[in-house]
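Step one of this worksheet: look at the structure below.
All chains are identified by letter, namely A, B, C and D, in their written order; residue positions are counted from 1 within each chain.
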Amino acid sequence: MAHHEVKLDVYNYLFSPNLKPCVTVNIGDTVTLHTDDAFESRITSEDTSPKAAVRNAKFLNPQAGPVYINGAEPGDTLVVHFESIEFTRDWAVSCIMEYFGGLQSNSITKTLQKPLDEKVYMWKTKDNGKTWRCEKIGVTIPANAFCGTMATAPDTESIQALTPGPFGGNMDCPDVCPGNKIYLPVHNPGALFYVGDCHAAQGQGELCGVALEVSAKITVSFDVIKNKAIKWPRIESKERIMSVGSAKPMEDAARIAYADLIEWMVRDYGYDSYDAYQLLTQVGGLYVANMVDTTYSLCASIDKKYLERT
Amino acid sequence: MAHHEVKLDVYNYLFSPNLKPCVTVNIGDTVTLHTDDAFESRITSEDTSPKAAVRNAKFLNPQAGPVYINGAEPGDTLVVHFESIEFTRDWAVSCIMEYFGGLQSNSITKTLQKPLDEKVYMWKTKDNGKTWRCEKIGVTIPANAFCGTMATAPDTESIQALTPGPFGGNMDCPDVCPGNKIYLPVHNPGALFYVGDCHAAQGQGELCGVALEVSAKITVSFDVIKNKAIKWPRIESKERIMSVGSAKPMEDAARIAYADLIEWMVRDYGYDSYDAYQLLTQVGGLYVANMVDTTYSLCASIDKKYLERT
Amino acid sequence: MAHHEVKLDVYNYLFSPNLKPCVTVNIGDTVTLHTDDAFESRITSEDTSPKAAVRNAKFLNPQAGPVYINGAEPGDTLVVHFESIEFTRDWAVSCIMEYFGGLQSNSITKTLQKPLDEKVYMWKTKDNGKTWRCEKIGVTIPANAFCGTMATAPDTESIQALTPGPFGGNMDCPDVCPGNKIYLPVHNPGALFYVGDCHAAQGQGELCGVALEVSAKITVSFDVIKNKAIKWPRIESKERIMSVGSAKPMEDAARIAYADLIEWMVRDYGYDSYDAYQLLTQVGGLYVANMVDTTYSLCASIDKKYLERT
Amino acid sequence: MAHHEVKLDVYNYLFSPNLKPCVTVNIGDTVTLHTDDAFESRITSEDTSPKAAVRNAKFLNPQAGPVYINGAEPGDTLVVHFESIEFTRDWAVSCIMEYFGGLQSNSITKTLQKPLDEKVYMWKTKDNGKTWRCEKIGVTIPANAFCGTMATAPDTESIQALTPGPFGGNMDCPDVCPGNKIYLPVHNPGALFYVGDCHAAQGQGELCGVALEVSAKITVSFDVIKNKAIKWPRIESKERIMSVGSAKPMEDAARIAYADLIEWMVRDYGYDSYDAYQLLTQVGGLYVANMVDTTYSLCASIDKKYLERT
């Protein structure tokens, strides 16, 4: 069981089957990946203009990886044991950007209106990341650290790192957090695992489109479930199993998430599909992870205690 | 402070400004309204065909009311103190219906496919409604009692009781529950309050479209906030304030819910709208109440502890 | 075969089963109904502020009717022979309004952005309505006169006249025009026919939300198809049959329109449903009637020459 | 002015900046590209099961290209002069596939229902492609030949050929046809042009998802507009200019298409944006090109005669 530590000189901006692995690991090894924030640390103060800061950035949302996991083959499922997040600085940044976010028109939901004004919010921690304070607003909030982005490489496509999808990606789902297992489909030898976009905190929906963006060290280890394919990302916490659907319109993300959870209950827990459909109607959870990215991500879940029937 | 008890011989099926009040109450009075389940108790066993059962029902989702609240005038806000739900039977019913529900095409999201098979699920309680068991599945779940439907009369329209909207209505939002305050816009003298569709339990999204439908006695009392209009239903629990948006596609319901919550934070808690937008990005909650009705309902929320700035 | 002429003192603003008929007619009678424009002639110059003009209007989109058609009963289909439109003035008005229109956020697709500036466009005719000129833009366009709104009363609901739906209503569909037959479902004795919102011209989608709004005299006559119910509005021109679906998101309107057209081909033209589905794939028409109202309306069509098989 | 003819041994299935050009051409050269149908000729009779036929196909929708156009640089606009389509066989195929098409649930708009039955429709021509007959239905229709797919390579992503987007792609837009000019954004040196998916005919929306799929020879030539970037595909016919937006939900495709057309009118025809918005409201065209692909494509247009003001 080796430990690997990876700090890239140049990040990647695509989820792609064609990028060269930055490290090769065995099942059970731990890997610590250094990640930068979604702006690659270009926004450093409340005086920064986000538009100006990213003008010369061809890409946003830098990704560490790909990690090549020995033994992972197409048709398997990759299990990511998310061990820990360690923030590597004492500030996080959020901002209102032009033509971006849940309550603003954008290049797709297009209007002729002027954009919102830009505004940067700096959040600082004095307790090693346990709580974060925004002086401008006058609030202190607890950390809720997770990775906005986690993916395996798609089958053949190379997709920009701002996109969520069947491969995982930019789901901005707070349950992609330390302590949980994340299941991702394997489409390529070695799975080709990507991670980035650490958030010190984020609410459901990531309303303005920018969480508490922070640089961090992410530690994970991997398992592989052989010859068992999944179609969409799944998450398991101590108490719940969850499926994440990403699509537009948002109701399609909801349909995907719940339908995948039914499939999980049928295949792994012996449920009849109608019974699973019925039970999720009465005890299922369904929250919005992101309402701001290129597709919306919804997380459907059920408490594990209902998976045993009596 | 009087107490009123109302048991209608004939329920209503519209949220309408034109229906005759069944009772007139003063602010502070308590009212207990008997409600029937959404099928008006037409489905009584697992052998019942839902389609056959409702064939001769011109309408579904019977409503108690309207209650006329003295002192409520257009432009006010009605505050409903939801005191209690008392189930009036020991069984609840859910079912898979043809061309209805979150994972089935319907008359609007229309396909040429055959419908799902009908299937009735009976849920029973032996502890006065604290827990409910479905023998067919083999699970027991705790009660999570609330009213799927609560409304004031719209301004001029008469809307069928299956619809959620700015007036409240069939939101199927589990936070419309005892212990919480529900705020509704007042468009007519007396507000004209409707309630029905009691659910012994329901998950987020009400996936198959039918929760644990049960008959019950609903006890509420009212306050009126004079000369203060709201546009969408709001909810206040001990710990959170919430706004419920209902629209299609689902992202519009999300936009409405969060935008209304911002408006609330600005008007009542002195927030700058950008700061509220930022803060909800980091700590807001957003879950799907219903993904099955004529419009979808999403509930956005924030913990009250963040409303005080320091 | 009598002729009736109706000029209301007070218009209606709801499609409702509860309003008193303004005239009762027999099948084959002609009726001329005077209609006012959607703003009830409140915007009369390019200096008018639309917002100020409608501030004291509780309602928009005044409707003539309801017309009671003797012999029409629930379960029948009403056939409207749209005889003619005669403009009753030489100017039409359009405008950009705040928070309304296809390229602006609104109360449902809600953003925090400022609205577009208001701007009124006057269009004038010097040839009795054959062509219309907007001096401000410097263009002259041909008339394309039709009624934005045509409906029968819904079953039990009373719906504001700005809404399109299964009952017809505010479809803003340019094929609801003289020379065509419009088929509407009958839910009430006498059908209770409403009409209004005459447009001198309008493109597909009614992009900014306001066509060339004009007052007019509308002449129609009626037939009734006994014991034959339809679910959505249908249109027949000399060359095509068409179905109009109204829903959100827009793809649902498309699904409804094409599915209804298939149903029509199956029931009236002996098509197998798969064959109709296949044929519409290759020769069907599908345009956007409105992308601005409370639901979107899409018009699906097929050339009549394909209805005969050889 | 050279002529090139290209017949690939192996087609491509991605719109990618990374694929090796199959031919390099100069501005003004003509190129004839052989294309296969979307199923790569795997479905050859009404007895073929589409599902079985494509089971071993890793990809669908084979593309000819990329063509490298000398002189095209990022930031330019590529002008495709679409000279001709010549069918290379006398039959075309369409079919109903499982979980695909406008009136069926699919992997995104997910339901628990069974799929439609598979059904293959063969269409044959006896007049060199002028008309096509489906004996199974008993109809003959005129040809309406166009390319379902035409694209330049995206900036950095590699996108599967079934997808429409800003780069063009699988728009299934009948106006991408001989006689018209298609404008595409250039993101890479040489533009990297792809074409495929020839349709002998198709209605608006491509309802069941499969048009009259046929193999063909496509002849095009190219121009480049230097230093003028466009964001979405545009089309110019003798009479109209058009913009094609592709997105979900469908209303976003409509917004994109009309907003891009306004931008075109402003930049190239001196329109004020409000005036363009107003004029398109009155004379704009908006039809559905596809309602079946991974995003929906809508085509907005205006008659060129309105571009000159007087």
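Keep in mind that, in the parts below, contacts are C-beta pairs under 8 Å (C-beta built on N, C-alpha and C of every residue); 3 or more make two chains touch, one makes a residue touch a chain.
In this text the structure is predicted, and so the values were computed from the model without any measurement.
*Asks:* Looking at CA centres, what chain is most distant from chain A?
*Replies:* Result for max centroid distance from chain A is chain C.
*Asks:* If you tally contacting C-beta pairs, which comes out ahead, C-D or B-D? Let me know.
*Replies:* C-D
*Asks:* Go ahead and align chain B to its copy chain C using Cα positions, then give the rotation in degrees, nearest 5.
*Replies:* A turn of 180 degrees brings the C-alpha atoms of chain B onto chain C.
*Asks:* Is it true that over half of the residue numbers where chain A touches chain B are used by both copies, so same, or is it different?
*Replies:* Comparing the two copies, chain A and chain B contact each other through largely the same residue numbers, since over half are shared.
*Asks:* Report the inter-centroid distance (CA atoms only) between chain C and chain D in whole Å.
*Replies:* Here chain C and chain D have centroids separated by 33 Å.
*Asks:* Take the average of all CA coordinates in chain B, do the same for chain D, and state the distance between these two points in whole angstrom.
*Replies:* The separation of the two C-alpha centroids amounts to 46 Å.
*Asks:* If a residue has to touch 2 or more other chains to count, which residues of chain D qualify?
*Replies:* 103, 109-112, 116, 248-249, 255, 259, 262, 277
*Asks:* In their shared complex, at which residues does chain B touch chain C?
*Replies:* 13-14, 16, 18, 58-59, 107-112, 156-160, 231, 247-249, 252, 255-256, 259, 262, 273, 277
*Asks:* In the complex of these two chains, what residues of chain A are touching chain B?
*Replies:* 94, 96, 101-103, 116-117, 119, 121, 123, 134, 136-141, 201-212, 248-251, 254-255, 258-259, 262, 274-275, 277-288, 291, 296, 298, 300, 306, 309-310
*Asks:* Please name which positions on chain D make contact with chain B in the complex.
*Replies:* Against chain B, the touching part of chain D is residues 103-105, 109-116, 249.
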